[in-house]
Structure formats: C-alpha cells, structure tokens
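Shared chain: chain A. Partners: chain B in the first complex, chain C in the second.
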Partner chain A sequence: MSEANASGLAETEVKARALDLKSLDNPRAMKLYRRFDGIIILVLFTFLVLGIQIQFTLTAGDWDYWIDWRDRRWWPLVAPFSLLLFIAPFTYGIWERVRLPIMATAVTTLLCLVSWLSRYLNFYEFTHFPLSFTFPSTYIGLGILLDCALAISRSLIVSTLIGGGLFGALVYPINWSFMAPYKVPVEFNGMLMSVADMMGYQYIRTTTPEYLRIIEESTLRTFGGSVTPLTAVFSALCGMVVYAAFLWVGYKINGLDKFTKRIV
Partner chain B sequence: MMKLIAGKTGLRTLLAGLVMVLLAGDALAHGERAQLASMRMRTVHWFDTKVEPLNVKVGDIVTVTGKLVTSEWWPKHMPSIEETVYLNIGVPGPTFLRLHSEVNGVPMMRSTAFPLGKVYEYKTVLRARVAGRYHVHPILNVKDAGSLVDKGTWLEVAENDSGAPFVNEITTLTGETIDLETYGLDGVYTWHLIWIAMGVAYLLYWLIRKELFIPRFIRIRELGSDRANELMTKKDFVVSSLFFTTALALILGGYLWAENKYPITIPLQTGLVEVEPIEIPTGGLEVVVDHATYDLAGRSLSMQLQLTNNSEGPLRIGEFLTANIRFLNPDVNEGEIYEGEEMVSKDGLTVSVDTIEPGQTVDVELVASDALWEQYRMTGLIHDPDSRFAGMIFYYDENGERFFQEVGGAVLPNFF
Partner chain C sequence: MAKENTQTVALDTSDDSKVAGHFKRNRFAYFFGALVIAAGTGIRIYLDTMGFTVGTDYYSEEFQKYWMPVLYGELILLSSFTVILSVYCWMTRETDASSISKELELSRYWKLLGIFTVMGIWAGCVASNAVESDAAWHQVTIRDTDFTPTHIVIFYFALPFLTAMLIPAFIWTHTRIPAYMNKISVPFLAVVCGILMIMPNYGFNEWGHTFFYAEELFAAPIHYGFVFLGWSLFFLVPLAMQLIGNMARLIAETTADDYQPAA
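Right, the complex of A and B next:
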C-alpha cells in the first residue's frame, strides 16, 4: 500500500495532486493561475464590498452615517461587533487555504471606499447633507492590526487575543484624530451642545428624530465615570469573543468542502 | 424565431421601463395620505398652520407657526405621545436649516412629552439652503408610533443673487467661529487618505506576488496544515511587524495630537425637556356627542350633538377640523384661510342650528361633506379596529372671538 493510500487518498487523487504540484514549475500553467488569481480577487472583493456594505448598513447603519450618533458608549461596541462577525469567517477560510492574512484590511478598506462613495453620491449630491456631517468612520488601521497580529503570530488564537482585542479597544482612538473637532462645546438657546449635536439639530432629518439616538445609555459609568476607557476595555473583550465565535463559524463553513467536488 | 420573439419582448420591456422612469413625477410630499384614517383623526389636531413667506431665496428666513391639540381619543393600540415626542419639520432633507424651534415658548432641540387634551403653540424658524419647490409640513415624531404629519404648504426657494456658496457659521464656546458646512473636513480627508494609503499598501504587499491563491493552495495542500506556516517568509514577518507598529503609532499619535489640539470637548448631549401645556380655552359650550355616522356614498360625516350654551352670548359653529381637513360653515364665514393653505372645504360644513342662544340646549346635526374625504383616503376609517372618530369644532361668539374644543366618539358606517 502506497503512502498516499495510507492517508486515505485515492490513487487518482494522488496523481492529480502530483500534477498540480508539478504545474507550479510550468510557466504556461503559472500564467493561467495568475489569470485565475485575478478573477478570484475581482469576485472575492466584489462580494466583500457588497456584503460588508449591506451588513454594516443593517447592523451599524446610523451610527456610521451621522456624526451626532457616534457616542462614547454604543458606537465603539456596535461597530467592531458588526465588522468582526463579517471578517472572522473569511479570515479563517483564506488563512487555512492560502495563508494570506488580508481579510480584515481588505474588508475595512473596501468598506471605507464604498462608504465614501455612498456618502458623496447619496448623502451629499442626492440629499444635500454636508460631508462634514456624514463622513464615514475609519477602521482600516484596526484591520491592519488584526491581520498583522495573525501574520506575525501565525496563530488564530493569538491573533484573536491581540488583534481582536485591539480591534475592539481602538475604535474610538483611531477616529478621534478627526472626530474631536465635532465634540467642541457650543451654547444654543441657553443649552450646552456639542458641534455634532448642533449639526444634528440644524440639518433636518425628517424621520430620524433626536430620540432615536442611543446616547450614553448603559451602566458602565458607575465604574468611576471613565466612560471612554471602560468602553474600550469592554469592547476589547467583546472583540475577542465575537472574533473567536465567528472564526468557529468560519471553521464550520470551511468544513463544508467535503460536500463539494475537487475544483483544482 | 424564438430568439427574435424574446429579443422583441426584451426590447419592449426595456422601452416600457424607460418610459415609466421618464414619465414618473417627483416624490414631493411626505405620505400624509398614506397614514391610517384613525391615526390622522385621533392623534394630533393641527390648526392655524402658517408658513411665510412662500417665495424666498437661498439664505432667507422662513417661519412655520401653528397650534396643535393632542387628542383625548388617542388610539389605545398606538404608543402615546405622552411618552416621547420630537417636534420636527417635513422637508426633503436639509434643503432648509433649522435655526430655531419652540413649543409654548420652550426651545425644542430635544425631545419632550405631551399630555393628552392640551393645546401647544409651536414655531419653527428655517433658513432656505437649497433652491427648489418644497412641500413643507410640521411633523411630530412620536416614539414607537412614527411621524404624525400636518398638511403641507408649497414653498418656492430661488437661488440667491450673489451665487456665493452657502455658509452656516456658528461660534463655539472656545471662541472659534466655524462654518458647519465644511468644518473639520480637512482633518477628515487627511486621516482617511492616510489610512486608505496604508490599507492599499498592505493589500498590495500581499496580493502582488508570483504565487497567490491557486499556487499557495496547491502548496498548502501538499505541505499539510502542520507545515502550512512555512509559506510565511521572514520578509512577511518583518513587513507585517512594520505595518503593525506604524498603525499602532498612527492611532495613538493621532489620538494624542487631537487631544492636544482640541483640549476642551464634551460628550454628545441628550435628554428630555419639559413643556408646560395650555388648557383648551372653551367658550362655554358644552358638547355631548349622541352618535355619528359616516356615509360612504355621500363622503360625509354626520354628527348628532347636544349643545348647551353656558356663556352669556350667542354662539355659532363655524368649522369642523379632522385629519387636517377643514370643513368651513359658509353661513358663519369666520375661519381665516392662509395663503397657500390646502385641504380646506370652504362650504363643507352644514349645521342644523345656526345660533345657540345663551342658556339654550339644542340637538344639532353637523354634516362635514366633501370630496376631500375621498381625496385624502379618509374612507378607510371604516376599516379601523375600534371605529371611532375625533375632530375639533370651532365656534364664535357675537364679537367674532374664536373658541375650540375636541369632539369624538363611536362612528357607524352607512354603506348604502
């Protein structure tokens, strides 16, 4: 009995795999593979951009549309949760199959680009909202951290603890560099408002009344009142749990290939 | 042959679709006819709505004023306005800036709560921002119930003469005067470009290589999962470490930079404000609703009322208002019709008794009849789950002073 047969593979499968491996030394085959790779990138990235746009709109929607929704408590929890549950299954599949730590960066970068397109066409050109009120948040740096944690550690567990944790914890800091000006205080009709609140009041949204926002609702403030760091710690924990849970989902999805025919 | 038929069918479908798109009118209103008849009759009675001026230029001020009464016949199956409500304005997006809004003199930047059976006077000051023709509606957003819309008024906004870009300046508590139209965008663009460049650079590093998806798949399959990490090179490790360090440094550096540049910031503000309601100023007319019928064929609502005049002078009923539709009594001819006002039936109300003398108790039939019932889809009230009506009657004393109060009760349909 051959070694291949001992591993449970049929003779034809062993031969086919040997041919596949040999083809890597064949320039014509490699040229064909490169074309296929291009198609894979095109299909995969198209699917990712459509998928994340729909998924993020449905789950994080208004939190990312309006600057007066991005509070210190809910937005830093909702946004990474929504992103990581999409990123994790793809990361598992691509890592297991081709060892490319790119999915978090790809998803966050594509989301950023498509969000800008949407904000410009839908919000600015079509409905006249100023971009200063509707610019998207950025999560690209968090995606890079998550992918690099995987590339450096080469371990999904370590990347979950470090990358998933940082992804959750740093949502507020990464956006604060350009979001801080919108939290400068303003006095209006004898009441204190931030610039973002003021924009939410002045730029009329007929069916998005003020009370729909979920601002500072929860009990985290009871731990000494430090809302932002406490939310970051909690969000880091959530990031690890959500990422781990959906890596498992990816593992399960990845196992479905036993039902498919060999395609390469 | 089949291909030819399929091709012709496809072409026709395409042309039909194109014609429909080209002929479709603009959606200019806010669905005020779409709401259930009971929602419009028994939630909020809007009246005296005035939008002025009706022709402005970009940058000009428009004032919307009016009154509303919260109905005591509020449907029990609908979340109440007594919990959370927000005074809003129905315009197509931020074509106007909201400069000020108030209810009974209280500024309305936040949400509030309205007890039932009270009067509220509201005012919203707008500044025209985008040229166009707009249907402007006052709106109350009621939490968990949705939007309650007053009737609209058409308003023309022309371009301003100078053609200068629209500017919306405010002064912050830190003393800086800023234009909200473009405020903070330099920082937004800069940081987004930095991160997009980082993301693209990272992706290019991993995607531009001789062996990508299929070759790597083949090699990993050959190596097995235990040795798959051998595909990760030392260069991959170094480059990833560099990206990791740079990203972390940028995040933390950017955060500290912003903290230094904007040392005074506050969290987003929220909360409810309280508004003192105004009691309905009745003029001494006691109203008892005996019964009411809705005549489907005649498009009319008939109310049998018992009215007692407890005042010292004669009273005359001049108007019935329900679901934003005004039915005026032409014999009294007192109700003012504002410029541009819609949904008014000038002779839609007939009252069986012209004048109710002091101390007199009379049975009166009020008939509110007009095609507006059909036009504004009020015939749907026969499909309501609790078949009740409500509205406001307006009556006048001998000096022409106006009083109002709400009437309501069960309504029976008359199908034939």
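Right, the complex of A and C next:
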C-alpha cells in the first residue's frame, strides 16, 4: 500500500503529478496534448450540434422556424428556456473541470451555424419556403453575455443571476434588427396585420392548422406596449431558475465520472 | 495463461512531413469520415430527389418500389454492421490487461478518438440535418404511416447508425484499453443507452401520431422523449474527462524519456 505524504496524497499520485508537470516542458508531450485537445474539441462540438438541434427543434422549433411565430409573449420565453436547459450541464462540467467559460457561446454559435444550414437545405431547398420567412434567430450575443458573466465573476451563482437573467431578458432586443421589417403594420382585405403575419397567411403550412400557432394568446389586451418588457422580466426569472436547476443536473452528471463492476 | 501482446507501436512518425504525417496518423478518421459523409450526402440527395415525387403515399406502387427497398437495405446493413462488429470486438478481446504496453495503450486511445471523430462527423453533419428535414416535411405533408421518406432517413438510418457505431466502440474500448477493462464506464454507457433508446422511443412518438394525421397540440409532448434521451449527451463531458485524465497521464509517461531539462 502506498504511503500518504503531508498533503494527504498517495506517493504514486505525487509522482504522477510531478510527471505531469514535467511533461509541460517536453515539446513532444505538448505536441501530443495539443493534438489531443483538437480532437476532443472537434468530437465534443460535433456531438453538441446534434444535441442542441434535437433539443431546440423539439422544444422551441416552431418559434424559430417561422418569422410569424416570433411574437412578444412566447418566443422570448420558450427559446432561452430551451437553450439554457441544454447549456447549463455542459457549462458546469467544462467550468469545474477545465475552467473554460465557453460553453454558452459554443452552443449558441453551433446552433446558429447548423440552423442556417438546415433552414437552407430543409426549408428552402426541400420544402420550398422562402428563407426570409424561415431564417433562424440569433442567440450568440446571449451566449457571450452568459460566458462573460462567468468569466468575470468566476462564480456559477453570480453567473446564474446575472448571465441567466440577461440571457432570458435580451432575446427580443438582440434579434430586433432582424425582425423590425417584419413588424411593420400592413392592411390586407380591411384587416390590420404585420408583414410577418401576412407571410404566414401566404405561405401555407398545409399540415399545421393556423390555430396551432401559439402566439399572443388572449382575448383582452390590457397591457398595451408593455407586453415585451414584461415578458423579458419573466423570461429573465425563468432563465435564472432553469439555468440553476440544470447546473445542478450538470453537477450530478459530472459526479458520475466513474466506473462500475456491474450495470445493475 | 493469457498470450502476451507483442504488438509494437510508434508514437509518432517524425520522419514524415507535417502534412503527410498528419494524414498518415489520421487515415482512419479521414477514410471513414469521408465514407460517412458520402453516405450521408447520397441519402440526402435521394431524399431531395425522390421525397416529394414518389414518397408522399405509402400505399402507392412507387413508394413500394423506391422507398421500401431503401428501408429494408438500411435495416439489413445497420443490424449486420452492429452484430458483426460487436461479435468481432468481443471474440478478439484482450484477456490480460497487464500485457498491454503503455505505448500500445496510448495508440488505442488515439484510435478511440478516431472512432469518435467519425461518429461526431456523422452526428454533426448528417444526423443533425436529418432532424429538421423531418420537421420541415411534417409542416407540409400528411403523415400516412411511420414510413415517410424523412423517417426512413432519420429514424432508420441517421440515428441508428450512431448506435451501430457506438455499441461496437463501447465493446472495443472495454476489451482493449486497460483502464476500461473488467469494468464499465458509467458516462460511456449512458451515452450509448441514450442514443440506443431513441429507437424504442420512436414507437411512443408514432403511437401518439396515430391519433391524427396532421400536426396537433398533443403532438408536442410526444416528442419530449427524444429531448430527454438527447440529454444523454450531457455525459460526454465526464466521458471526455475520463479520456483526458487517462491520456494525459499516458502521454506524460510515454514521453518522459524525451525530457531534456533546461540547463
């Protein structure tokens, strides 16, 4: 049995750590480390592409597919909820183990890339919807904010409160420059609607009946122009809660970094 | 008594030029990566060409002629691929971990990363794109059976092919790499099981869709099983940490002889 030294580490562990440190001066070892880093990053990111695509398509997909679904009440709530839920466990693992505050930016950037590719191939080329109707929203800025909150504060709690809150609150403003032209009011057959609504009526989704469109649901509109900021505040709250909850999931999952002798 | 493993490996072929050495070292990942991209591109072109022309009615002769053989071919190919490779990996397993040198162990880690790279290319380039092709299809086309062209691509090829690669890779890892032999890596098992369970969950999804042929509100929650199973990818981080820990140690040990302390 190996002896334990003053710091409580086994002798073999001390030797192994010394060897690790020594290898940092070894160009051949460093070359292999860099090669290894590159492959791990490639593998992790390519699997992340699949993961975020499944997650986002099946939970917030419609709000991101169609410009007329991007309303003031549901889209700014559902989209960050879905994204933060996926980002948090990866953030926990990568931050705790290798101290890199990059996962929110990585996930949102990968989602942006794969969404553009997919909208072009699947919605434009395959099912012939115009790209101006189905282009994806952007969340990269939100990811950068979340990662910056973690990098600056170095605290998962502070980044949850500030980063998670900003991620939820700023969905609408960060996409506003893309969306503004579609919110211009138009009159069609005596009815007032937005350009986005007009496009939705013109490009018919033949197996998704119009009543399925979950936007702006209500009968009495009592909050006038304050719907957007109210949703942003509620979304910020949801962002903090879901981010915290799934950081905990990440904590639990990263604790399972172990081996077992039996499956059951 | 276990037979001693006499395989020898070179850690690096420094005689090659940088580019040639890179391609030589990674020939496995490049060859199979190109193969899976070709397969993914091929089936995508087939979907684009034959999806709406002969793929909208399961009960038509054209569908039986142009789409069902694709389905049968996929099922035969993927099941044979999984079974043959898994049985091969098991039958040729190592029985004595102590006979494996550190250099050989490290070279096997590189091979494992090559296998993961191929899987990653498939997941990121082919499977992810197949997800929204099905979404786009169901926005405009009536769901007559579960054998729609996009389902034949995503549920019977794109996602099962990941499983078909993951299961033999899991067996290979646990029978070739000493750190994984005679025990089971929990995060690796979770990733394999999560992706594998997408197939049975597909039954739940399609059962839900049998209630109506168009998209309906009740159709949203019957997709959440896929989301939950997709969360198995959360286990990639602990799996990566296992690999990082083991490989970093091995790299340090196998290159220790080269260490020249500064004067």
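Here, the second predicted complex is superposed on the first by the 239 of 264 C-alpha atoms of A that agree within 3 Å, B and C clash if a C-alpha of one lies under 4 Å from a C-alpha of the other, contacts with A are read in each partner's own complex, and residues count from 1 in each chain.
The rule is short, and it goes like this: a residue touches a chain if its C-beta (ideal position, glycine included) is under 8 Å from a C-beta of that chain, and two chains touch if they have at least 3 such contacts.
What you are looking at is a predicted structure, and each value in this text was computed from that prediction instead of being measured.
Novice: Which holds for A:Cys238: it touches chain B only (first), chain C only (second), both, or neither?
Specialist: A:Cys238 contacts neither chain B nor chain C.
Novice: Tell me which partner A:Tyr65 touches in the superposition: chain B (first), chain C (second), both or neither.
Specialist: So A:Tyr65 only meets chain C here.
Novice: Kindly classify A:Thr46 by the partners it touches after superposition: chain B alone (first), chain C alone (second), both, or neither?
Specialist: A:Thr46: touches chain C, not chain B.
Novice: Regarding the shared-chain residue A:Ala106, is it in contact with chain B (first), chain C (second), both, or neither?
Specialist: first
Novice: Please indicate which partner A:Leu83 is in contact with in the superposed arrangement: first for chain B, second for chain C, both, or neither.
Specialist: neither
Novice: Going by the contact rule set out at the top, does A:Leu161 touch chain B (first), chain C (second), both, or neither?
Specialist: Neither partner.
Novice: On the A-aligned overlay, A:Leu256 touches which partner chain: chain B = first, chain C = second, or both, or neither?
Specialist: Second partner only.
Novice: Is A:Thr206 in contact with chain B, with chain C, with both, or with neither (first, second, both, neither)?
Specialist: both
Novice: Identify which of chain B and chain C touches the larger number of residues of chain A.
Specialist: B
Novice: After lining up the shared chain so the two structures overlap, which partner does A:Ala16 touch, if you call chain B first and chain C second: first, second, both or neither?
Specialist: second
Novice: From the superposed pair, tell me which chain A residues show up as contacts to chain B and also as contacts to chain C.
Specialist: Common interface on chain A, chain B vs chain C: 20, 23, 33, 36, 40, 97-98, 127, 129, 205-207, 209.
Novice: In the complex of these two chains, what residues of chain B are touching chain A?
Specialist: Against chain A, chain B makes touches at 30, 84, 86, 88-100, 107, 109-111, 129-130, 139, 141, 143, 147, 168, 170-174, 176, 178, 180-185, 187-188, 190-192, 195-196, 198-200, 202-203, 206-207, 210-222, 225, 228-229, 231-232, 236-237, 240-241, 243-244, 247-248, 250-252, 254-255, 257-259, 261-262, 264-270.
Novice: Can you check the complex and tell me which residues of chain A touch chain C?
Specialist: Residues 16, 19-20, 22-23, 25-26, 28-29, 31-33, 36, 39-40, 42-51, 53-55, 57-59, 61, 65, 89-90, 93-94, 97-98, 114, 117-119, 121-123, 125-127, 129, 205-209, 212, 249-250, 253-254, 256-263 of chain A touch chain C in their complex.
Novice: Which residues, counting only chain A, touch chain B once they are in their complex?
Specialist: On the chain A side, the touching residues are 17, 20-21, 23-24, 30, 33-34, 36-37, 40-41, 68, 70-72, 96-102, 105-106, 108-109, 112-113, 116, 127-133, 135-136, 138, 140-141, 143-145, 147-149, 151-152, 154, 166, 170, 173-174, 176-199, 201-207, 209-211, 213, 215-216, 227, 264.
Novice: Which residues of chain C touch chain A in the complex?
Specialist: It comes out as residues 11-12, 44, 47-48, 51, 113, 116-117, 119-121, 123-125, 127-129, 131-133, 135-143, 180, 182-187, 189-190, 213-217, 223-224, 226-227, 230-231, 233-238, 240-244, 247-249, 251-253, 255-256, 258-262.
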